[in-house]
């Protein structure tokens, strides 16, 4: 069953078109990897799925994005609910200038959890899930900025998990991580897939191959092709996909 | 011949020690890869090589770092000359809030180049070297912030190349890049190695294996071991190195 | 997480937009009423003759020439002096000084000076510039006094502006071999410029409307000639306005209103450049 | 009268005009904000005849003005009271000699709210009862039996003004002796607002401010104890029959400055034109002969 | 493209950097010299004042009447006036200013922001005497219609208008602080399902707090120092009261009244001006030291 259904999506930054006629359907409880060269529109596309592009002035969109059967670009859509249920981790870590604890508790507090022990529980679970707990459990009150780049990124993943979303959008979440942390995050994603739908942008072909069920290849704003990961990596339909994937090793 | 010679280096963030007794010597005209889990001190170590840690309040250092035979932590060292000759690319892209052109021209202008056509030439060469020219040649006057994450990172690489350094420090320069751009940057590094010394932090084992002659493995602030890349990846001396390297595939 | 709570949050959000908008309107409306009051009284009296005449006991003959020129003289010296010293202080505190006792001492000083009543600056200016430095009751004394008065505004605004420039931009510049000053001049100041200008706008606005310290320093109430050197006696618009409003005859209140319009026009012209530059340089990171 | 007052003014205008090219220099006047407008008016006219002479008029108050005057900073001091002993001493120390010229009169008007129907006059004793330092008067009925049981709201000038000094001296017998629980303001126009906005209001300030706000205020005739209540007007302020609330206004001229031809010309011009100009700015000129006397004083 | 310069060079004496540093230090010293100058100007007459008036009376007397024949020197009276005006002004300027800043930085389209901000800044340049009459002729009648017991001169009217005067200081400087908050932080919060208001109040305001507090401090300092509005709209009546509907006098208004009025120099009345100035100076100093102490504590704890 598909949970996200994108039809004829075009996106413009002012005059400049960044996405051209994208059509894709994303399965529930699966991991979809978005690949493609830098600047091809992966991040842009990802942000259309939870309407984060609303924040950028001058962005216009045509076409529809249906999530669980509703076009999220309709006027009467509640973007806050949408975004709560569709978590997002960005390409660059962006912790709030608050303590580690308050970063994680931020989302749950927004959505009404004030009970201290409940929050403590969420903070611990989320940090553990993002493989950060052991490193920070003694310094939860310290500012998030004193963490290393990779730690900050894991913090942001923990923060996204803390609101318990149904879909997770991740923009190169492991590009700043070392192999061990990466492996743990990947494990986590595979685990999460059982309950959540995950869309992940990655530059790491092996990562896409290891964890995703479906891979979508973008080029210059076009979705060139998408399909089962195995197939895309072994026998793509489009020569450009093949060029790109093999280019890695060329 | 070794161009950088680090002896008994300790570094403290205030009370907290982040590097312990690091000893390493880095060959001229080579690529040295620094690997290790997130938070182990790779970025910290890299910054000691061009005294960027001077910028962080509360940092104290003991031991010596000799570059071309001079201890750069001596009082009478000219840090500006040092940094001009030791270029740096950061973990997160940090373009100036200026146009693409002005970002690249920034360094040359600092060092006295004002001739317009000379600057034009440097901008073009540097952008080409960082595999960004084709994407931006028509929009050189646009703000650097309107580029995608990967484009921004390549811009920062181009900016570092524009001042024509002799040593290049790179903190995960390709983690935000797609495979094709990554491959091109790697090619560039291999090319640059002929004339320059390169120290690169990477989480990508294959990358380290592909391009570096020497690999150094950090853990919890200690330099566990360093040596020829082939050796480190196939028969490391320390079991912890082995654990880490194989952990990737475990 | 009941939908009731969500509903509440949504309502709060909508409400807050209205509240924030109304709060903004509060200032705008206050200004509109003020301007309406001033303009409706003064507009009939504001003409070329008013700008080019000397004060007179007959309201219809009176003008603001010496006060207008005096104000321009004073602000012409005050603004650059305060800008340079203020920005210099901020740069020293934020970029150069060790965060220790000395910089805290300066900081406390600055915050404290912000609360010293303007007339006390007048007393200082009288003692320091008029008497000790022997500048006399001149434009220069007044301008320097005013510069000290508005200094804290510029310093504090500039400090905040410098502080909000992200560290990674500085790092990028240092890594290219820039000196401290090059980094400040080419990276930090351009990024901080818009907020620094806000401080300048607020400070100049204050300087141009002040009366009391200038009276102490020696602005005269009436003069029938125009100053033509920084060592001349002078008067300024707010003093002229002040004296006119104190007259018993109602007509003087109207020409006071006209003089206020002149003052605001001067202020807005001076600010226009700063506002233009601020808009030009303002970027979101 | 008006007609005759104009004559010397015209003479004054014409004669120096012929000499004008000879005169140049700067004349500095400062002092009382009450007297300032007169000096400004004189300066304005003088300038027409003597464009080469630059006159400035500062308004730092009588005391502030004397401070500069006795330090030798100014040529002329406007004063709404006579020079005080301490100021005399200061002048002596600096060897500043001066002459005192009374150039106009000002009346202090006592006013009540326009809607006040019962106050027909006030005696000096009643004023004292209201304003004396330990006065407990809170209601109009306590001022004079038969007046309503309405609260009395007092307005007066700031305690550092010449008007306050003069009023307290004239009514309460001692300068600055006054009850304190009244509403004070530095600005006479503001006092006008106060009394005209307050039904039970009573206040005092310069006569000119009453003149300009006749329609908003009710003027109270003052009974000097001789049974004749007089409301101030130009006539009775001038001839001094409006008692005790009419006061003289002065200028003080430094003798050394008076040696300078432009200052001398200016003072002469001042005296000759005072009758007309004093009136134009809202005060009361003296009798003609008094000005003649002044002219001889500066020779 | 090869670079054959030595990588490491000895520092050459950089005269320019030294010059710049010295110049900036000189600029920074101006504020200290100013303070020294002010203390110097105030100290002499303050000492003379306290030779005649005991500190005890100064701090405990409940009446302030140096310019009357029956003199009292209770500074509390003026303090209460300053306190009322400053409190009232901050109740107007801080919430309205902050809300305006939030509206401009988070809600208003760019064009609106660029227009409204300079317009509001005009408010900072209106001469205070104009505000004074605005308070007296516009605000006071409204207040008296609502509170019939209010006097023609009252602290409420003055403090509201002082609040309006300092509003642009809060609004403009806070807005700058908020605009400087990186967009990525906002994105982080939006992605968690935060509403615009939550992003503004829970992320942007805390992230810009240092600038916002600085704007508050500047604005309140200006309120404490304000004279003309108070003189005109609140009367010149020193009164020990916390009732905003009564007429009051502030320390600064008193200083202006005395220094511009007909006071003989060298008298005790004249000296009060210096004593009051010094009191105000020490008071703001104390407040500043406490404020700095608090912010330092706060910043460390995060």
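As written, the chains take the letters A, B, C, D and E, and residue 1 is the first residue of each chain.
The criterion applied here is as follows: contacts are C-beta pairs under 8 Å (C-beta built on N, C-alpha and C of every residue); 3 or more make two chains touch, one makes a residue touch a chain.
Keep in mind the model is a prediction, meaning the values are calculated, not measured.
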Partner chains shared by subunit A and subunit D (touch criterion as defined above): C, E
Chain pair showing more contacts of the two, D-E and C-E: C-E
Distance from the mean Cα position of subunit E to that of subunit B, given in whole angstrom: 48
Centre-of-Cα separation between subunit D and subunit B, whole angstrom: 83
Multi-chain contact sites of subunit B, meaning residues that touch two or more partners: 81-82, 85, 92
Multi-chain contact sites of subunit D, meaning residues that touch two or more partners: 60, 187
Residues within subunit E bordering two or more other chains: 137, 182-183, 195, 198, 259-260
Listing of all chain pairs that touch each other, if any do: A-B, A-C, A-E, B-C, B-E, C-D, C-E, D-E
Of all residues in subunit A, those that touch subunit E in their complex: 50, 52, 55, 57, 80-85, 87-88, 90, 92, 94-99, 106-107, 110-111, 141-143, 156, 159-160, 163
Residue ranges of subunit D touching subunit E (in the complex, touch as defined): 32, 60-64, 66-67, 80-81, 84, 86-87, 133, 153, 155, 158-162, 165, 168, 174-178, 180, 182-187, 190, 193-194, 197-198
Interface residues, subunit C side, partner subunit D - complex: 54-58, 137, 215, 218-225, 233, 243, 245-250, 253
Residues on subunit A engaged by subunit C in the complex (per definition of touch): 78, 80-81, 110-112
Sites on subunit E touched by subunit D in the complex: 63, 65, 67-70, 136-137, 141, 144, 151-153, 231-232, 235-237, 247, 257-267, 269
